[in-house]
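Notes follow the structure.
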Amino acid sequence: MTQRSDATPSPVHLEAVDAPGQPTPSAALDELYRSFEKELLVPLWTEIGDLMPAHPQSKAQPHLWRWNDLLPLAERAGELVPVGRGGERRAIALANPSLGGRPFVAPTLWAAIQYLMPGEDAPEHRHTQHAFRFVVEGEGVWTVVGQDPVPMRRGDFLPQAGWNWHAHHNATEKPMAWIDGLDIPFQYSAEAPFFEFGRERLSDAEHGTPDRSRSERLWGHPGLRPLASPAGGRGTPLLAYRWEHTNRALADQLELEAEGHPGTVEPGHAAVRFCDPSTGSDVLPTIRAEMHRIRPGVQTQPVQEVGASVYQVFDGSGTVTVGSQRWTVTRGDLFVVPSWQPFSVRSEAGSSDSDSGSLDLFRFSDSPIFEALGLHRTHEPTR
Amino acid sequence: MTQRSDATPSPVHLEAVDAPGQPTPSAALDELYRSFEKELLVPLWTEIGDLMPAHPQSKAQPHLWRWNDLLPLAERAGELVPVGRGGERRAIALANPSLGGRPFVAPTLWAAIQYLMPGEDAPEHRHTQHAFRFVVEGEGVWTVVGQDPVPMRRGDFLPQAGWNWHAHHNATEKPMAWIDGLDIPFQYSAEAPFFEFGRERLSDAEHGTPDRSRSERLWGHPGLRPLASPAGGRGTPLLAYRWEHTNRALADQLELEAEGHPGTVEPGHAAVRFCDPSTGSDVLPTIRAEMHRIRPGVQTQPVQEVGASVYQVFDGSGTVTVGSQRWTVTRGDLFVVPSWQPFSVRSEAGSSDSDSGSLDLFRFSDSPIFEALGLHRTHEPTR
Amino acid sequence: MTQRSDATPSPVHLEAVDAPGQPTPSAALDELYRSFEKELLVPLWTEIGDLMPAHPQSKAQPHLWRWNDLLPLAERAGELVPVGRGGERRAIALANPSLGGRPFVAPTLWAAIQYLMPGEDAPEHRHTQHAFRFVVEGEGVWTVVGQDPVPMRRGDFLPQAGWNWHAHHNATEKPMAWIDGLDIPFQYSAEAPFFEFGRERLSDAEHGTPDRSRSERLWGHPGLRPLASPAGGRGTPLLAYRWEHTNRALADQLELEAEGHPGTVEPGHAAVRFCDPSTGSDVLPTIRAEMHRIRPGVQTQPVQEVGASVYQVFDGSGTVTVGSQRWTVTRGDLFVVPSWQPFSVRSEAGSSDSDSGSLDLFRFSDSPIFEALGLHRTHEPTR
Amino acid sequence: MTQRSDATPSPVHLEAVDAPGQPTPSAALDELYRSFEKELLVPLWTEIGDLMPAHPQSKAQPHLWRWNDLLPLAERAGELVPVGRGGERRAIALANPSLGGRPFVAPTLWAAIQYLMPGEDAPEHRHTQHAFRFVVEGEGVWTVVGQDPVPMRRGDFLPQAGWNWHAHHNATEKPMAWIDGLDIPFQYSAEAPFFEFGRERLSDAEHGTPDRSRSERLWGHPGLRPLASPAGGRGTPLLAYRWEHTNRALADQLELEAEGHPGTVEPGHAAVRFCDPSTGSDVLPTIRAEMHRIRPGVQTQPVQEVGASVYQVFDGSGTVTVGSQRWTVTRGDLFVVPSWQPFSVRSEAGSSDSDSGSLDLFRFSDSPIFEALGLHRTHEPTR
């Protein structure tokens, strides 16, 4: 061996076991395994069941975080933790209980609650990680992407493709919370991330508080591409997907269904995907985002899919089943569906107090990674 | 919280430290951190340096495995370890010393030496993991892919895209060793793998020992596509890239350079990439494979690249530099270049005893993953 | 010769001329040319100047059709010409004066005024030719595409990709005129067209007069893709691009310019392209469509482009220059810009009586054909 | 009207006829038609049968040109017609008898016999038209593309994508003939062509007579891409497809069939397509090229296809059916299959005197145009 002195203990530990598909234990086999350890070698035959399962066996587990637990802790962090260069963001991430205490809601995805106090700025930086904001309640913060201030309000989805400069600015007298989704764990495990600090403070113009971003004025018109804008590269040029449009699109689908026309994913289940208007593809190269609306009292079909999804209840309430877990959920609650775990939901039947009368679920996932590489699969067991 | 009893210790462990970018330690902050732990939350500000570095900081380290150490252990495994259903393959994987003893040469890549005794069959199976074989010495095994027996000989590169049925068959009186490369760690961490067992034994026809595979007869002619073959999907339809072609292509590039024409990557450095003839793209959706030839006495420029590469010396000898490591290498030696580590090589100046008189390096990497997702970057510091 | 009796006169006629690049006339050359004629052969050297010019030399010429001339003739056709099976449509096409009296506004494009009387139906059919409608004035007709009735109103752009069943239905008490654009000449000269007759009459449901089409309810929300809809094939799933959106997008660009931000094509010149929301590409595989708005008193830069464009003045007035032609144009006027002819426009400076105060120009072209084949070029001589 | 004085006779001529789908003739209709003529308008209802047929109705007709008729005329042109600047090439084009005596073998395609005398150079130029050479007999000319001399020999296919500089050089003591295929008529009718003259004479290096081109040394190895070469744009970087490879690929397919494996298009019919090795796509953006081999005595199934094809018999003989035409053909004969005309062939049963014992047919077509635009269709009536 070359770099390791014989004194360094090997990280490889092998044990001969008497089991089907395994070589018969013997002193000679033990000796071979010791040599493997010394030379940093691991046989396939002891690992194949873990590494090459019949179908994905997620290291993550289904888990639920309640908004009513999260929000007070974010508020408390607002009091105790300043926002500034170095820490960069007052963001508190969901840590899947099976992933070793790391801030990974799933092996590929990051989900956090971010919190900004009145008048605060979160400093400018950029990174290759793709990101979005989603607002379940409140307003008053502007995300400043490439010097374009983008207002954030309840129901808005605000993507921001990697390597764009961005900062946040709370221009109001009230604190605001929202959720951040990123592909931090994916880029961490695949080893691709780059990061740069930006300017120390925003200009007065960026502290402006416009009602619409410049990106929306260029790209927010259905089916219309601004001739002056470059063809676009990685990730959407549209920086805000407003609730009024999402809400209307979902209502339209349910209305079409009521009139007897196609439009819904399955009976009583409307859904839209947030897309890059310059390509029609997913809004970010590694992250898919969607809004689902389930009519009251509807039970969706179970679905299994390669890759992880995170859901936040935007409105209404219902009962969610993920693998062997079942939870009753309500506005703001967040849960994760690990790879290949069956997922279904039943919306509350009675008189919902949600705006739409239905259960509205925001979803994001890592599906574009698998589709780009030809590894995506879905299965609907009961169909 | 919902699924965890308060008695279960949290996997999250947070500690307030007095450091730039961190909130000032206090009893109140401690209390907040305890609540984060209880609710399975982790702040960004304690993790950002690790998760969002200025450039990729690989968890893997540069490492070298010597062929002269590997081959005797594979031979010994040939005596002690049977090949059959369950263990599936007599394959022994390189374990990067920094990756916890797992059989991962890099966070995304698997590299193993496989060994088959005279008359042995490795059983048929299929999996979504993409794979290839590369032969540094010997011959006599046929890889049977989709019932097409493909002979394996020194210098041959034999890719096999995911979800194709495959088995191996040693039709000779001599054992044979070769290396396997797969994307097992990537699919393991992204949670995409599927696997199925195949038939218990191959047919007599598949035990045939043709000199060329059917795939080569259809797809092995330069620039010619068989009209009868489907347009192709994921991964190359050509199952063998023969050394005679690779060797001639490299010789042609150096000859062009000698005549004063473009052709080489840099002075004295020829290189070809193995490609899917139906698309011109990388031979596998997640794995790039190349052969490099360095004229005697040539020093290549250092290069940094997102993603990991594994090299095997096919012929000749030289000195390799990876980050702060430097090794003298010779035929069969394998080493790994982790993400963003600078890599360069100097070929031996004197009278090489290699076939080509040069240093020939086989390389494979995970670059297609990053290119598909827009995350690929390279840097040549001294240019 | 094989199929032609010697008695049939050859369509080939060759004449030896004494000119640079031509062989010296002689009796022997004459004899050779007679043999060429007999064998149906034509030498390159007599044709190269015409066939392979330094840049495109259009067979078409710039030409203007005035709305005030067209509309009365369409009205008169409404009185004299019934609409029904066989003739199919009361459409009257613009015939470029240099194209032999064929109904080709340009070598690749068809432009016609169509006219439907109160209560009339234009019968259902489908064809591979791609088509759109554009409405410069009036309302009251529903285009029924795939059984989805789509209302047509001033300013609306209504594309309809090839091979979709379609009919038109005037549900009101007033006649209505609009323009049709198609790639009929392109498919005619390339020899690709297919055509089928549809049902003899529409259903009652298709005679409905909804305010929005079903396609708009599914696809008309900015950046939102309906999950239930197929990924889409050739041509946009969105059947109507409404004036309210187009108008606002153009106003937004001029507003951005006024605030000092990028957004316009050149100073005072806003423009949007109608796009397929499922791909971000041109709305039809062979036809590009755009709306341009020129602030009062602005002179645009001349542009040359491979391929032909047809413009209709939607609002305002101005002076248009195409090659050596110059016209003053106003609402409804149509003109053609042949391939590679320089085009520029000056909007009327004074108090325009248009809705927007500006000159609004609808444009369609054959650019997607050239872009798909790598033959597109533009040139801006004065920049 | 705007540009035309009333004195100019209109190119439009309309006649009212009493026929189904036509308006009833009347004095009023006559008056309307006169107004249409004056205003350069043509109604759809008089033209629809011609412009929008049920399926493509080619303006071209099937036709055969015999090599034994062509070659002597080319030889005679070699004596009478010099090659030089202005005329550019001693190329004699096939003129379809239904296309008005223009040098168009089909509405989109050009096919010519080119002839170069000993020691002659055809001058350097470039054009956007895509081109290839195919050699049915002889050798001794080098096509110099981008200063890379490419030898031409029997059976070789030599493509040359648009806008590459090129010249021809006969370095031997014997004249040589070959055929040229281009998309001249397509670019002429679509109005896209550009052309530039090159240098007046080639350098000594370009007058070299290498056995292989530089392009083959870089790109002529199966499945291997040179790392140093740019990713490539429009059209293949490989400038010669050698007969030895084509011949072997066809033989391999028939051998696979004889062994009971898939490989041929239909029984006894092998075929390869010439492809761009950097993309796997057609060798030129507008032209497809293939070689077909029919075993002796085999009758192929009739096929109809959108777009035109031109065939040259490379070897053997047989009977060809195109629409209602039937010819016996032999080496060198050229024939055209217009759009949507059924095509089939029967190879000669007896003891062929061809090299392969079979009928070998070279084919080129305009299919990539239709595939790029979604207009391609095929039909096999008897299957």
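Chains: A, B, C and D, in written order; residue numbering restarts at 1 for each.
Basically, contacts are C-beta pairs under 8 Å (C-beta built on N, C-alpha and C of every residue); 3 or more make two chains touch, one makes a residue touch a chain.
Source: prediction; values computed, not measured.
S.K.: What is the chain whose Cα centre is as far as it gets from that of chain A?
M.R.: Of all chains, D has its centre farthest from that of chain A.
S.K.: As a quick test, compute the distance in whole Å between the mean CA positions of chain A and chain C.
M.R.: 44
S.K.: If you average the CA atoms of chain B and of chain C, how far apart do the two points sit, in angstrom?
M.R.: 53
S.K.: In whole angstrom, how far does the Cα centroid of chain A sit from the Cα centroid of chain B?
M.R.: That pair's centroid distance is 29 Å.
S.K.: Which of the chains touch, listed as pairs?
M.R.: A-B, A-C, B-D, C-D
S.K.: Please give the residue numbers of chain B that touch chain A in the complex, ascending.
M.R.: 1-4, 10-13, 20-23, 26, 28-29, 32, 35-36, 39-45, 47-48, 51-59, 62-66, 69-70, 73, 76-77, 80-82, 84-103, 107-108, 112, 127-129, 162, 184, 186-196, 233-234, 285-286, 306-308, 325, 327, 338-340, 366, 368-370, 372-375, 377
S.K.: Quick one: in the complex, what on chain B touches chain D?
M.R.: For chain B paired with chain D, touching residues are 214, 217-229, 232, 236, 238, 241, 245-246, 248-249, 252-253, 255-256, 261-265, 271-280, 283, 290.
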